[in-house]
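Let me begin by presenting the structure, written as structure tokens, before commenting on it.
Each chain carries a letter (A, B, C, D, E and F) given by its place in the written order, and its residues are counted from 1.
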Amino acid sequence: MPKIVTFGEVMMRLTPPNFARLSQTTSFNMTIGGGEANVAMSLADFGFEAAHVTRFPDHALGHRAARFLRERGLDISPILFGGSRLGTYFLEEGASMRASQIVYDRQHSAFSELQPGMIDWETVLKDADWFHWAGITPALSQGCADVCLEAVQTAKRLGVKVSGDVFYRTNLWQYGKTPQEIIPELTHHTDLVNSSKGVLDLLFGFTSTDFTDACQQLQSAFPSVKWVADTERTQHSASHNDLSATLWNGETLLKTPTFTIDPIIDRIGGGDAFVAGLIYGLTQFNDRSADGAAFRAEQEALTFAVAASALKHTIPGDANDCSVAEVEAIASGQTSGRIKR
Amino acid sequence: MPKIVTFGEVMMRLTPPNFARLSQTTSFNMTIGGGEANVAMSLADFGFEAAHVTRFPDHALGHRAARFLRERGLDISPILFGGSRLGTYFLEEGASMRASQIVYDRQHSAFSELQPGMIDWETVLKDADWFHWAGITPALSQGCADVCLEAVQTAKRLGVKVSGDVFYRTNLWQYGKTPQEIIPELTHHTDLVNSSKGVLDLLFGFTSTDFTDACQQLQSAFPSVKWVADTERTQHSASHNDLSATLWNGETLLKTPTFTIDPIIDRIGGGDAFVAGLIYGLTQFNDRSADGAAFRAEQEALTFAVAASALKHTIPGDANDCSVAEVEAIASGQTSGRIKR
Amino acid sequence: MPKIVTFGEVMMRLTPPNFARLSQTTSFNMTIGGGEANVAMSLADFGFEAAHVTRFPDHALGHRAARFLRERGLDISPILFGGSRLGTYFLEEGASMRASQIVYDRQHSAFSELQPGMIDWETVLKDADWFHWAGITPALSQGCADVCLEAVQTAKRLGVKVSGDVFYRTNLWQYGKTPQEIIPELTHHTDLVNSSKGVLDLLFGFTSTDFTDACQQLQSAFPSVKWVADTERTQHSASHNDLSATLWNGETLLKTPTFTIDPIIDRIGGGDAFVAGLIYGLTQFNDRSADGAAFRAEQEALTFAVAASALKHTIPGDANDCSVAEVEAIASGQTSGRIKR
Amino acid sequence: MPKIVTFGEVMMRLTPPNFARLSQTTSFNMTIGGGEANVAMSLADFGFEAAHVTRFPDHALGHRAARFLRERGLDISPILFGGSRLGTYFLEEGASMRASQIVYDRQHSAFSELQPGMIDWETVLKDADWFHWAGITPALSQGCADVCLEAVQTAKRLGVKVSGDVFYRTNLWQYGKTPQEIIPELTHHTDLVNSSKGVLDLLFGFTSTDFTDACQQLQSAFPSVKWVADTERTQHSASHNDLSATLWNGETLLKTPTFTIDPIIDRIGGGDAFVAGLIYGLTQFNDRSADGAAFRAEQEALTFAVAASALKHTIPGDANDCSVAEVEAIASGQTSGRIKR
Amino acid sequence: MPKIVTFGEVMMRLTPPNFARLSQTTSFNMTIGGGEANVAMSLADFGFEAAHVTRFPDHALGHRAARFLRERGLDISPILFGGSRLGTYFLEEGASMRASQIVYDRQHSAFSELQPGMIDWETVLKDADWFHWAGITPALSQGCADVCLEAVQTAKRLGVKVSGDVFYRTNLWQYGKTPQEIIPELTHHTDLVNSSKGVLDLLFGFTSTDFTDACQQLQSAFPSVKWVADTERTQHSASHNDLSATLWNGETLLKTPTFTIDPIIDRIGGGDAFVAGLIYGLTQFNDRSADGAAFRAEQEALTFAVAASALKHTIPGDANDCSVAEVEAIASGQTSGRIKR
Amino acid sequence: MPKIVTFGEVMMRLTPPNFARLSQTTSFNMTIGGGEANVAMSLADFGFEAAHVTRFPDHALGHRAARFLRERGLDISPILFGGSRLGTYFLEEGASMRASQIVYDRQHSAFSELQPGMIDWETVLKDADWFHWAGITPALSQGCADVCLEAVQTAKRLGVKVSGDVFYRTNLWQYGKTPQEIIPELTHHTDLVNSSKGVLDLLFGFTSTDFTDACQQLQSAFPSVKWVADTERTQHSASHNDLSATLWNGETLLKTPTFTIDPIIDRIGGGDAFVAGLIYGLTQFNDRSADGAAFRAEQEALTFAVAASALKHTIPGDANDCSVAEVEAIASGQTSGRIKR
């Protein structure tokens, strides 16, 4: 099985039980997660060798977080310990028309204080087959942006495939740079981009007519990009979403059927589960198709990815927690929920 | 911001967790609520100054209840302490076709033993802008009915606007009077009546053809009544309701769009949240419309009120627990439940 | 009221809370149940005298299980204590497209080691009006199959009506016999068979065209069989099922309306609740119809049974936990979930 | 084994978890208990046939309470259903110097409204060997006092042994009678009295010099009284008590060693566990001593009783929940808490 | 009753349940507290008018904290909303020899970013009788130190009595100043100092021979200081402490008896409960002694204070939660934990 | 740091919360543990490289258990998956005089069905420095005894140090062999024996006069044995134990001071924590003493070991969960439980 290395902040998530509001609660359930680590944890369940690179404070909470990643099968030896804070977020879970709300408390985290040179990327990426980054990391601080660039440059040099979750959160980017100044450089080293027409237009200055057009413009500007993926979500309510996905492979736009999720058990990490599923499919399904029918394999990979994401919405916690066989069952349409004995 | 004063019994609510039946449970979650106090708590969240008048036993449970109201922002200085029981109700939460069930244990409560003269209404209502009562209070005892009459009479004398939740519960009114003997007198001092065609016919002896007709008969009989409001609820199941509302303003019948609630997190207090929303809208939105377009303001108030009620169905506890901005978002159609970060 | 005696294994059920996966959980909710005992518990709620026959280990867990059955109103005096294990199953509750999963840990249970002669069926069935068995018992061990045969033979000899839940689980039958060798003998002593066309074909070697045809073939082969019942379930997801039922009475095929269950609170024991409802209806509704209109009574019984099953899906635990009046309300279409005060 | 019948109010107990004060809690653990029923439940564990007589409201909470007694092995067929309230008490559990506090909410309970003639004592006490009452019952209402008198008179007439827990709570006796007017009549029919010097002096007007003197005066006045028992408790704190007991058998004063309880898990029902242990010992140990050495048997019974009481302090809930063998181990000095595997 | 105003940071406290270590936990219980606010909450329970001054972020967690203070009876109108973080601390509760451990996450809190001029002390302290500060505030930032100085200067000018909790935490004071540079100026405006010989020597450069000597040196240097108080704690283990206290009143050293606390339920806030008790006693007991026997009143106040602190150790949460009567009972030696009914 | 390899069954532990009895509980807390794995987990916390060898069923529960070991830092790659059952035990936690009770449900576990040849000991033990086994493994089945012998033989051949926890449980050894037939062979390959005089006499047929005598006889018979250790426990109650230890090093008998544990939070695994501490000390402290003062190092190791065991009694779960620094603090007498900030 391939080896994936992911890089990004990992936070403690505190959630009031039983749909209580933050204003009401007297306790919190705790879990650990982070966009990129979620990808690694899911791929570890799928059989990949997986390691995550991050920085935790060297106190009980930092070690609690590391222990959680280890439980989920990640190699935690590349994790740095230092700094003072573990990034935290408070999740109020909504239902029906009431949206979930997140209060972030991540400023000054150990991760956000990363500086170039702290991580020995040569060692970390040696033997890796795939590296994954996301758009939050360069949004946190100049140091994080610099270290992320170190990572993708090293990955490219070592022949490691790179995926990037290219999106934009307005309440970050507070250190003086804009995403337009930073993201393009990272994209130059990326094979698989997960993004949307709107974000591509915003970050790269395109004025595309549709997703395909945006993808084509992206590939023109960044020749390394081989695939561009996106999920489509119809949000009936906080409890009921429909999900499908598209993948541009440089030649054609692949689409999946729509999966209904009602009720949603845990919305967080749905996109990360999609990325994990796509990496699994793109690396594993090619091997299966003896006749080199890449398109069919990519179609299969895309359906696997959206099925993985749909399934994630039914599983508590930030990271997907299921097997390849379980995802394949959903992908093949076994969504009736019949009890397995 | 205006000052609201509400009056009514406040009870301890005991709910088995996780949809357990009362026959099965070994624990209860506890909260505090009461129809009129729920209105005050919601309006306190909306920025009103708010006080509640009730009577609690002078022991740990009575003070627990008072502390809850204080936490939610109410002025509890008018509360009397005496008597021996805190009214209690046990709520079994249903799902799908199984209805929620309530076992009341409210007889002989400290509140039900109220007697005229116990409350200094002149002081309590001084500086108040709005007073709210509901049809349960006069149904509990002659003393409660008398004190409620004291309240509305004093309110009128002091120029305080009055709203009344006029409904009928068959298992109350056990002290020798019928609602037909008591409610009309109270209605004579009321500006805003929340009721339905059926209840109006039953309590006032109308034989109306529809809600508008009932409202017109009500206004003929009780000239003080300026508005009559009602909510309409399509109950698909204990977990899934649709909600809309109507308001008769003396000239026309305003209606709202329908809001879907699926799943319902907590059905209790939905009507009180509506009343709170309506009082907020009727007092605040008039101020906004420079051109005095009262109808548009009333339409806006009605939609705000039903949005507040719909949102309440997603929030645990008897009283609504949300801000004006959150209600306005629902009222404006933002019901997709997209995560707020 | 009649007396029901049921026979079968009773297990401890361990369920992670809040939809957690088995891979994630750090605690379990515990309840006690078993297909046949579930029938007895439900009928005890309906007013039947009810006794259950099983075998528990003579240690704290075995007595915990017996105490649970006693709480639910069963006569536990026929229970044997011996052996070493209490059969256990771990239930992971699914939602949306994620199916619930069961891990059984029932091998070597005290019950599975039953041997002929251990139970004094003459005494146990004296005064009984109805005996119920299910297809899992003979699938566990030769001893269990033998004891089950003792039971139905004694019941027939004593004029006790017999019902059998005739189904097939592939992961049982590991002691050397096939169901085709065992089930027919048991069916020869059975009045009411709960099964499906597919199972009847599989177990009895029919090649029926439809359910009616299978029922007719069954009655030809087993003249004791008076009724054959089946439920139909449309599984939209693990959270949303539709349910209806059919009953062949030897002359005609009765059908019920469809009941929607959304969300499902607890899927386990839905079939047992149906059987309990059917036994209740078939024994009690005949008495009500002065004109002897048996078909109408059977139709009423069938609707009662499927309403009981639907209601069970909303109640936590293995066994139904509701009254006749509550089931009748559902059967009569009161499924709007309106709060009962 | 003998049959015990007990009579008295059974209440719902609501306890904040984790030593929270009533002023702080947002949930309650629930259990069911009552002084006399606790005696029956413990004796049922010891192998007695046991029935309890009480009155519950005919709603979900009343049936919840009855189901609890049934779980614990009591015959609940003599229980009456009627009235409107289930007596309730709220227990705040103390620790160290902070005392536990109880808020009673038992007025107007279904039990307190009992009237003479409601219970068919002839039937209830037929086949009984022992009847137990306590001093709370006649303190609740004239009706309760009358029914208690019916019970002890019938018991005596039928040759049933009678025990009475003779104590005094100042916050009861609010219906116009004093205990001095009522208790003596009940004591005339009682064989075993559980009381203290102070209470005997207060209720019967003695001015005794010590416990023995009080017992002798009691026996002079009430010839039916064969034994008088008392427990002695050194209360170091709410968490740490020492316990011993004395028994006057008409000739000599027996004493037990002292048992240390640290920490106390649940203090409620310690006295009831003592009475149950004493009834067990006085009825069972006589049978064991072939040489009729009654004193030795009584000494053994007394030690068994105080060991049972001490063990109760380590068990959650109102009623003791342990076997004869477990009590005998404590009585014989096995108090080191060594793990049993 | 007097009015107390307190000033200081208020934090969210997150505690793993059931003595779990931080390394193990998957959930946290949440409460709100802060040394100075704890004093105010306790005095509010004792009947004081009480207000707290602090700064919270203007998001759901900040408002959650404010709501908690309001529940406990504090006037929250002086609270400022701004900044981004709510100070947080994680408490691992120890037992026996295992010490409790705290992980602070308070840097960059909204409170720590306070600047002079933000708080209108004239308005806040108008009508106040007593102001309380503690040594943590000036340790957080220059801004906090400056604002604290504003407060005590204004208090003195307005004739408000001032108490200060003068202690030293090594892991604070990271903004460039030493406590020796800051604390003396604050002490110049303080009437009641809560400190120890060791701390006084450290902060003020004394080389005292004992506590009395240190107090005398303090009074020489700071004539405003009228009382110096200290508690003495014998720590047998994390579960078992003995507690007593001393008070220097300028003439004599008063001492209290020792209170044993075993087990400790919640150690946090024990010192704050002492200060609250002392302020209560020093202000209230003087009033009681008609003959002006100040020493006797001070002795009574000191015993009340240490009793309040001991009781706090048995109550969950940061702030004491009990009445004057409850403390007086402990102070008078009623520590046997006998159940209060 | 050295590498430890441990071998033995790992079970799921199910514990009723809040001291409930098994007869009362409706839920269980779950953890994972096993004597030998507990040693490995503790040593992993102390910085050792650690691997555990066991066999789990290849279903969700088996993988849950493996994930737990991975979380705690063990290399789980040597674990075999197969068989059908995960060994389980139910722990009822006692208090005061009530002993904790364990109901084992471990028969037919995947581990107990191990057969020689299944484990590639050469590979597993390559690079290991220490191997640990315990007396339960050979008590389970002939296969387990055989595999254990394979392990110690291979360890010896590879020069790996071996420790053995030599004790005797009467309710095991049910497969036809006695411990006297099996344990000696294993002891021939063991360097460090953890046992007691009584067990040594029983298993090896000694009639020793005291522990030292038994140790000397053991060393005569088994020259490989270098150390014999034992703990001494004074059991005041289930909540309060005193703990000390002795170590025979072939020349002298070392002893430790006594540590008081009151209250005990979790008694399970106390012996395993001792063994882990001893292995740590015996391997690490030798390195520290430049002058080769082995006795002093052994004394230090023994005190470290008993301090580790004492600390374990305060930590929930089967395995110790603490750092070297925390144990050293206890060993050096810092047992006052003073809060660490």
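The rule is short, and it goes like this: a contact is a pair of C-beta atoms (placed from the backbone, for glycine too) under 8 Å apart; a residue touches a chain by one contact, two chains touch by 3 or more.
Predicted model only: the values in this text are computed from it and were never measured.
Chemist: When every step has to jump to a touching chain, what is the lowest number of steps that links chain A to chain D?
Modeler: Step count on the best path from chain A to chain D: 2.
Chemist: Determine the centre-to-centre distance between chain A and chain C, using the mean Cα coordinates as centres, and give it in whole Å.
Modeler: 46
Chemist: How many angstrom between the C-alpha centroids of chain E and chain A?
Modeler: Centre separation, chain A to chain E: 46 Å.
Chemist: Express in whole angstrom the distance between the two chain centres, defined as the mean CA positions of chain C and chain E.
Modeler: Distance between chain centres, rounded to whole Å: 63 Å.
Chemist: Please list all residues of chain B that touch 2 or more other chains.
Modeler: 21, 23, 26, 67, 101, 263
Chemist: Touch graph across the chains, line, ring, star, complete or other?
Modeler: Graph shape here is other: it fits none of the named patterns.
Chemist: Name the touching chain pairs, please: which are they?
Modeler: The set of touching chain pairs is A-B, A-C, A-E, A-F, B-C, B-D, B-E, C-D, C-F, D-E, D-F, E-F.
Chemist: Please output the residues of chain E touching chain D within their complex, sorted ascending.
Modeler: For chain E paired with chain D, touching residues are 17, 259-265, 310-311, 313-317, 321-322, 330, 335-341.
Chemist: In the complex formed with chain D, which residues of chain B make contact?
Modeler: Contacts found on chain B: 14, 21-23, 25-31, 59-61, 63-64, 67, 84-86, 88, 90, 92, 101, 103, 105, 107-108.
Chemist: For the complex, which residues does chain D have touching chain C?
Modeler: 67-68, 70-73
Chemist: Where on chain B does chain C make contact in their complex?
Modeler: So the residues of chain B in touch with chain C come to 18-21, 23-24, 94-102, 104, 169, 171, 235-240, 263, 267.
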